[in-house]
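Next come two complexes built around chain A: one with chain B, the other with chain C.
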Partner chain A sequence: MASFELIEPQSVEEALVALDSDDPAVRPMGGGTALMLMMKAQLFAPTRLVSLRGIGGGFSGFSLSGDGETFCIGAMTTFSELEQSVEIARHLPVITQTMKTLANVRVRNVATVGGNLAHGDPHLDLPPVWTTLGARVRIIGQSGERVIPVEELFVGYYETSLEPGELIAQVLVPVRPDWRSFYAKVTTRAEHDWPALGLAVSVLPEGERIADVSIVLSAAVDRPTRLVNAENVLRGSVLCDEVLTRAGEAAVAETDIETDNRGSSAYKKQLLRVHLGRAIRKVMGA
Partner chain B sequence: MSTTRTIRFTLNGRAVAADVAAGETIVDMLTLRFDLKGARESCGQGLCGCCTVTVDGMAVSGCLSMAWFLDGTSVETIEGIGTGGALDPVQEAFIEAGAFQCGFCTPGFIMMVRQLLDAHPDPDDEEVRHYLTGNLCRCSAYPEILTAVKLAAAKRKKLAA
Partner chain C sequence: MTATTPAPSIGRSLPRLEARDKVTGRVEYVHHLRLPGMLYGKIFRSNVPHARIKSIDTAAAAALPGVYQVVTIEDIRKVIPHPYYGPAFHDQPILADGKVRFAGEPVAVVLAFDRKIAEDAVALITAEYEELPGIFDEIEAMTSDVLVHDELKPASTFPDLQHLKGRKGTNIALDYQLRRGDTEAGFAKADHVFEHTFCSQQVMHIPMEPFVSVADYQDGHLTLHTASQGPSFVRIEIARLLGLPENRVRVKVPFLGGGFGGKLYIKLEALVTALSMVAQRPVKISLTMEEQFYMVTRHPCHFTIKSGLTKEGKLIARHCEVIWNGGAYADIGPRVTQKAGFTSAGPYDIENVSINSYAVYTNRPPCGALRGFGAPQTAWAYESHTDMIAEAMGIDKVEFRRMNMLREGRPQASGTPLRDAEIERSLDHILDRMNWSLPFDRGSGTIKRGRGIAIGFKGITAPTTSVAIVNLFADGSCALYIGTVDMGQGSDTVMAQIAGEVLNLDAASIKVIHPDTDVTPYDMGTLGSRSTFHMGNAVKLAAQDAMGKIADLARELGLPEGANLPLADMLRKKYGMQAGNIIGTGSFIPDYEKPDTTTGLTKKGTPFWGVGAAGAEVEIDIETGAIKVTKLVNVADVGTAINPKAVQQQLSGAAIMQLGFTMTENMVFRDGQLTNGSLADYKIPTLLDIPREFINEHVPNAYDKDGPFGAKGAGESTTIALSPAIGNAVADALGVRIHDLPITPESIFRALQAAKGTPLEDCA
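So, the complex of A and B:
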């Protein structure tokens, strides 16, 4: 590994200064798991890494806002911290559920919420989940702060809307006690393989009726994608086979699923039809 | 330019120091600077667990973690477990259950099983399988490893009683 500079700023301001460079090989570092993989595979050779471990502020820890309506999760929160939190299990149980099949204990001990989002890999499990939960990200840069919906962070394959030098500071998740969410990690080889498709769904049930719904597909597409037409079929409908079939067809029609080494396009489309129906039944308690 | 630094940390109970480069992995540092070869690199990608060490009591993949950040921490490797010449109960259990063939994966498994038993002192099969998904054994000693975990849990309980 070629020699590079490693900096450990003690505040957000210092970090932003250290990142202020035209050199694309100057990068922030969270848990470093994705960076180390890329560096070891010689896909990336940094000139400077800026570790966010010591910067404190809203970057570490997580808590419920004073009004009880938003969970604010610092970007440096590790997956193990989320997994072991009683508060997360109570308010955001789908996050606890997703951790069960995400990587392994050692990776979860170091990988961070911010690094996971900034990586922009469409196969990751949490981005579709944050999206279906209606989460937003707080982004900090030299020119100030902005808050955007998680789905606006992803603009393409490994491509995000972060400007050079900008940092993800927090994920802001609305607490919606009446909604129910589920993440289906659909793998086609080993259970712990990268998913052929990731499907995150949230519904607001009203008896048998789906009062509101959000569906996000990942892995089979170049970025986490809302399935708006499928949502429209389901929204306001009473749960039944016919509606689920129509939603599955709408989902397949509105996405551009390509063949890759996890399955042919036709196969993955069938997976989408089947798993969408199952996921909706599951969250509707049917 | 901070491309190297001196780190001071506790290694298996002993205060040590090392000059490390940015990007140098924990497993490279242990092998090359401390001649400790129990944690070894196999997949190099965080998947197999052969390089498992604990940092302040938390398991990490030594192949994906930079030695740089060990400053001020306490690191434990397979060479440091057990007390006064006696084997750790998990080591004993692995021997009694014959939970290895070539032994390449064994240090990593033993380090992870100790973590597993800290988190779940009396794990069921499902908990063991889930916790150890990040440890691979090419000789496929999995059934014996499962037995060893149960045995180790019993040994620990007996010691604690």
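So, the complex of A and C:
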């Protein structure tokens, strides 16, 4: 590994200047957990890393908005901070639940919410969860800022819609007390593994009826993907085996699941059918 | 000698002598070693599995500032004219020589003062290849026109391989056979005949300390500092390569961070030696975790087993056809083929047995010794087969085993009688810990539960020698000079306990001198569960020799019988001051009779029998195939447990390792390319994968008459029966049989769907 420049700007403005380069080997760094692996595997050789650790502002910390409707989470918030937060456990319990099987303590202590999203790796656990929660991201660049839904961030395998020089500043999560969410991390090799299938679901229950629903599949596909047809089958339906079976078939039909070392395409489709049904039952309290 | 009598050493769970140094980070490993002027080597590897090398362009790498030299086989040939090595066959070039035979084979090395620069320079090397068709499957390789080697080149050190010398036009490196009775007649007489095939996958050792070696060659002398399990072998083989007498090659081995059979024979040692000779400087190579997948692995095995039975369920004939995928270089594969072939009919009393066991070359990374030395792969077949027969015949699985079990004094397939081998007591112990006679919860809803048992055994590499020296200093304190490598198994502690018992010294006060071939005497290697038995006997003999010399000294000094004068006082009396030594030596080689070359029969084919039994309970989700091993019991016959705590750690460690080989570990290849060569994608078990109930015990009050204080090896026994115990539990839960390892959720789900007549479509 050749030497490189590591800088730690103290403001967003400084960071944006430091990142203003045509050199693709100039990159921002959050916790660095993914970058370090890519550098070790010689997949990426930086010329300059811009650590966002010191920039402060809206990038760090998290809090409920004044109107109580949105959780604003700074991009440099670490997973451990979320994991240990009583507020998060109360308003976004699915985040607390997801942390239990996400990587390990050492990674959670440094990995950041923004870096995790910007990495664009389809096997990560949080992106489908943010998506199913209806979260948006606030993005800051030289030309100003924009806010987009998390699902619009992902455009392909390790590909995001971030422009060069743009940074994710915050994740904005709506607080929806009537909704219930769950994340199923399905591993097929050792217990602790990258998921063969990540499945995040949110429902708005009305008794036995599913008033509204959001389903996001990850890991088995090239980016976190909303399963719109499966949602349509479920939306407005009363929970029963027949509906869940149809939703499972719709989910399988609308996705392009490929074979890899975690499972064949046919097997992962079976996992999708089964775990979709189980996840919906779980959030419906059935 | 101390005046007070220390507690007896044998049977005491003495804490590891090195424990404090290890947990405080003070232990010496090769990894830490830096010599003045030392260069770091980084390997450039082939990215194709089988090809002629047309050219290697090293110019850009050599031009990188900080690079000392880029070395290929042409440079090595100038210092070592015949640069081929190997324990069984001299088939492996120090660097690829005109051809590459597996993807990942070393082709060139960059030497630099800085490791990072060496790494950067490797990325600048390019090679042009003329690709050749590759052969990866062991069955195809048996008859393929694609040849991995043009000619077989057995090493002269193995007389029983000499008939293979110069053989051409084949990938079969060794064809071992055993013939006992008349198998065909047995099948003809049988009321029932069953035949099944089972496969084991390619897996790897993954020691936490990757391979690392340092060579320092100057003026016809070589010093190697290496993480090796076999320093004596390294010295002999490197001396042969260099044409030097053994006393010009010094091999030093500190503690190892795990070995598991991988760090045997020659690994990086020939390469760093050649590099040090070329560069005239010390050279170090440390592999990364990922590079370890291209050094040595465990044999995939394809085993077809056929049995004939009387209508009462007595086994009367068995044929074993065992094919071992040895990869591109033989390493110790031919020995695995023989030794595991030898016991491949299982611990059963069968009149007519025939065994064919083949070592086959393919274009995969080489395969060698790994904890169990082939026995786990064979037991996977014979113990799955045992349950299938019992099921088909409607006989209770335990009773069926008892009915056919090999018992004390009865000849095993080779004709070697079973002796001091607690097969039935191991089974009884398992049944007890499994609560086998109690009702069993079979699960409900989508969860099905099952349980299974298995038994297995192995022979031990023979004949092999261990030599030990006991040195009592002028003050009566003691040092033990042995070539056994403590790689985490606790051999330092156990050997000190054996010496302490004889010398009447506190074992914890004895200093164990680590292997340094200039200082420590010969040992065949720390392998195959042999150290406690072989080196333990040598240490015991050395200590007894020292005691004899002390008695001689007492007579010489005219001391009355039973005077019990401390040794320090006796030496002072003899020399007039604190001076002198008592040196005791011991050399051990077990009784052995070479097997008949055509029948494989022998009256004494193994120094002792390794015996293991296992029991497993599983819980399976039938909608997904997801499986949890909820209980696992492993029992081994270790003879006398010299250090019960160390034994227990060996049994549980071996079991966890085999659990990985059963459930999660699998080197996956596509067109000869490894697709999961990192720990992110090659999954070793973590704590979360350890069963909730995990019991590891040795058979109490077992005793091997030839072992030191009744002891035998403990490092491998619990690897043998574990896989089939789990496979049998799966079959018990679901009524479907998994034939190929690893047992994964997908393989279970596929088997379930196939049994229902709605098979899942094939992998894309």
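To be clear about the criterion, the second predicted complex is superposed on the first by the 286 of 286 C-alpha atoms of A that agree within 3 Å, B and C clash if a C-alpha of one lies under 4 Å from a C-alpha of the other, contacts with A are read in each partner's own complex, and residues count from 1 in each chain.
FYI, a residue touches a chain if its C-beta (ideal position, glycine included) is under 8 Å from a C-beta of that chain, and two chains touch if they have at least 3 such contacts.
Here the structure is a predicted model, which means the values were calculated and not measured.
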Partner chain in contact with A:Arg106 - chain B first, chain C second, else both or neither: first
Touching partner for A:His192 - first (chain B), second (chain C), both, neither: both
Which of chain B and chain C A:Phe4 touches, first, second, both or neither: first
Touched partner set for A:Thr259, first chain B, second chain C, both or neither: second
Touched partner set for A:Phe44, first chain B, second chain C, both or neither: neither
Partner chain in contact with A:Gln270 - chain B first, chain C second, else both or neither: second
Partner chain in contact with A:Thr33 - chain B first, chain C second, else both or neither: first
Common ground on chain A, meaning residues reached by chain C in one complex and by chain B in the other: 1, 191-192
Residues of chain A defined as touching chain B within the complex: 1, 3-7, 32-33, 36-37, 39-40, 49, 51, 53, 80, 100, 103-107, 109-110, 191-192
Contacting residues of chain B [partner chain A, same complex]: 1-3, 5, 21-25, 44-47, 49, 52, 58-61, 64-66, 68-69, 112, 115, 130-131, 133-135
Chain A-facing residues of chain C, complex: 116, 119-120, 123, 290, 623-624, 626, 663-664, 668, 675-676, 678, 680-681, 683-686, 688-689, 744-746, 749-750, 760-764
Complex contact set, residues of chain A against chain C: 1-2, 41-42, 188-194, 258-259, 261, 263-267, 270-271, 274-275
